[in-house]
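Pasting a structure here, questions to come.
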Amino acid sequence: MDLTVRGVVRRFGPVTALAGVDLTVAEGELLTILGPSGSGKTTLLKVVAGFEIPDEGTVRLGSEDVTLAPPRQRDVGMVFQNYALFPHLTVAQNVAFPLEMRRMPKPERDRRVAEALALVELAGYEARLPRQLSGGQQQRVALARAIVFNPRLLLLDEPFGALDRKLRESMQLEVRRLQRRLKLTTLFITHDQEEALILSDRVAVMNAGRIEQVGTPGDVYARPATRFVADFVGESNLLEGRASGDAAAEVPGLGRIALARAAGAAGDRTTLLLRPEALRVGAEAAALPNRAHGRIVETVFLGLSVKLRLRLDGGLELLARLPLRPSEPLPAAEGETVPLGFAPEDVHVVGG
Amino acid sequence: MSSVAEARAAPSRARPDPERARERTLLLLAAPALLVLGVLFVWPLLRLLSMSVADGTLAQFEKAALDSLYIAVLWDSMEIALFVTAICLVLAYPVSLWLVQAGRLGFILGMFFLLLPFWTSVLVRTYAWMVLLGRSGVINRMLRDWGLIEAPLPLLHNLTGVLIGMVHVLLPYMVFPIYAALLRIDPDLKRAAEGLGAPAWRVFLRVTLPLSLPGVFAGCALVFVISLGFFITPALLGGGRVIMIAMLIEQQVREFLDWPFAAALATVLLAATLVIYAALGRLTGGQAHAAR
Amino acid sequence: MSIRMTRRGVLGTSLAAAALPMPALAQAKPDRIVVNISGGAMTNLFRRTYFAEFEKRHGIRVVDTSPVDFGKLRAMVESGNVEWTVTELGGQDFVRAQQMNLLEPLDLSIIDLSRYPEAVRNTTHTFPSSVYSTVMAYRTDVFPNNMHPKGWAEFWDVRRFPGPRTLRNHPVDNLEFALLADGVAPDKLYPIDLERAFAKLDEIRPHVTVWWTTGAQPAQLLVDREVVLASGWNGRFYDIARRGAPVAVEWQGGSAKQNAFGIPRGARNAVWGNHFLQVMTDPKLQAVYATELAYPGLHPDVMNHVEESVKPHLPTTPENLAKQFWLGVDWWTEHGQRAQEAWNRWMLRRG
């Protein structure tokens, strides 16, 4: 079922945690709220789950207004950051809990629990207590418990934070697979931009109690609507300059830069985003319209790629990310000065 | 479970077992307290034991354990301790629930009233109860003025008085363990239960209550054991009708200087207490573990 | 060699000189003595009378401790760590204290008992400090015009004198009262017939609403109208009556006994303990004490220093003494534990 949040405001004394949030999650969609801690994403989750009542605005599930409904009447499955498994109940009892609360007859309940556990690949673990499980297994139990009663909405509150990297990646994929298979409308909360980009149908970037941009991962990455989004999502070279009126801009330290289109009226302040992977280094830079020279001040190897920090003559620093192929040597070593360049169509005018 | 057990059973020989090292550190930290306990508690206890068999026979124990008087009083004492424990539990649980969610001011106020009995001498406290509970005491006068009763209720100089006086003093011993247990419960568990469809009362029965059981058992054990040792309050508020074993021990020590017999009585009481304690521990051991 | 000799000589002389003041040192005054008494109002009164007089006469400070605790006395003496110089001895304990060899002998060359009654003049270990009595008290508004129970037979008569009563939760006095109520002559009380006493106690039991434990209780119970008749220590009733409570004492059947003081065996300043007890023989101070607490000392002159209005409240006037009996301390010393056990058993019986 789809979720609609309209004009939600929540204040705690002098602090405004949510400053008018509008958001729609379509049926079967996985939407991620991405934001740093303190951005209001947890408060938004609590408002949707029913643990907080907003001061203003409405929350609707399908056509039903649930703004004031207590959590137990919302039919929302939630996976908590620390899983919140009942430590005194077995795995089966944990998963059966929502069914028990709905007074489902025992045979039916047992069948559903078995199904849910099979779905998360924990069949056979029914009689264990949560503390006898690993972190990943605990999370699967939490997930099974959240989906076993066919909730109208699934909420995931940074569920992968406590897992190590490898486990986290496999759990992310598993959750995504499950969510697609069950066509669960899902709201996912995270501060990890990589996770958000991998998992989501759409991403909503939150900052200071507001949603700054909603879009597909590609949109948000390539065409950030605000300087905050550009900075928070992915690595970036943010260039401050002035529009020249035509398809170009004047950037201190780089000079005139050719753009794909106008960045505004002549003399307007403008912020330009150049992703590190769009910056070419070495011979291939020669053919590009925007060119400069920079000295390599730092080289960081990242497995499949290498990250270079380059200092231009005027002191401006740019990041470049080059694919690393075993057959090709690096274009230059630290301390050397190399030519750089980038295409006009790779420069995104933030907010433009 | 099995993997945990295996890991425990087969620690690698080369590496020091961190669990063992941790236990050793903890033991070291507890050493001063253990030493004090050893000197101030275990040693006198051993002397007490030896005193009870000082004449080389078990005659004192024979009397303490077989004489119907002492059996009856011991039994009564257990019964009273059980009553006190039950009443304390019924009163303390809601208070603890309230304390956990009370604001700062409420918490300080609650603690103040809970701890008030500790700041008053047992005699002052007991006489205050006499003023309140007497035949023409405050409570009976109020009830009569409101026309609720005709003859004064016998609230004092009987079991009722003793129970009221003892519960008053022992309530904090029940509240604190329960409060601590409730405080330890992750608030997300209650949210999770609510979100999964549980109304408040089911959240309580299915989550809060079972998870607070270790505190409940600790409180019960504490109150029960302390109750068994009471003698001033029951002597004053019981009007002579309530005899607890500690009163008889005190009589033997202070009035008759029959220390061997007092020691035997004390040992019997200690043994009975330990048996009950062990039984309770058995019962709660699993629970406490599960809730950790 | 000669030098060495000289040296030794010098050393010897100086040692001898140092030894000279030794006897004087043994009699040197301590800076304080410790007197252990019951506490409460008694402490203030002791401070005003005996403590003040002792400090004035001897220049030694008196430190008071409380309560009186026979078990502690025994523990102190047996461990050799005696903290008290002088202690009060409660109830019948003075006989047992002497029997168990817990007391220093008194120095009657310091304590002058020459004018004391014959019966106590030759005491060896315990100092007879005062007389008190367990008596019957009643509310004068419930039993006005002298229509109150006179003696324990009438105390037992719940039809003529209805109302709740209180007795001490202890066999001492109560067994005697029961026998007196049952018609036993005061001089035939001992040895106590336990069976007969408890049978008589069975009769009064339903009408005793409180079995009291502390001395303050019976007086308070009368004041609060929790009971209309009580047994209790005469000084406690004297105190509340003086402060206007409608309470009076009936001396008939009262159980008189003496309070005693002693010096624990091994007490550090036993000499000064004797001096303190000598201060306690002063009839003028005893009179102040008697006027305040109604517990007169045994010096025959004490009555000369007490006002007429106080005398009817004292247990030692000839008229009052004639109505009372002296508690059989010897019987209780020997049979106390057995009687207490019987008492506990009786108390435990339901009903």
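As written, the chain order gives the labels A, B and C, with residue 1 at the start of each chain.
The definition used in the following text is that a residue touches a chain if its C-beta (ideal position, glycine included) is under 8 Å from a C-beta of that chain, and two chains touch if they have at least 3 such contacts.
Model, not experiment: these values are computed from the prediction.
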Innermost chain by mean C-alpha position: B
Farthest-lying chain, centroid of Cα atoms versus that of chain C: A
Distance between chain centroids, defined by C-alpha means - chain A, chain B (Å): 53
Distance from chain C to chain A - Cα centre to Cα centre, in angstrom: 88
Euclidean distance of C-alpha centroids - chain B vs chain C, Å: 38
Junction residues of chain C - those touching two or more other chains: none
Interface residues, chain A side, partner chain B - complex: 49-51, 70-72, 74-78, 80-82, 84, 86-88, 97-98, 101-102, 128-129, 131-132, 145, 149
Chain B contact footprint on chain C (complex, rising order): 69-71, 74, 96, 100, 164, 169, 208-214, 217, 220, 224-226, 336-337, 340-341, 344-345, 347-348
Footprint of chain C on chain B - complex, ascending: 69, 72-73, 76, 123, 127, 130-131, 134-137, 156-157, 235-236, 239-241, 243, 248, 251, 253-258
Residues of chain B that touch chain A when the two form their complex: 1, 4, 186, 188-189, 191-199, 202, 206-207, 210-211, 290-292
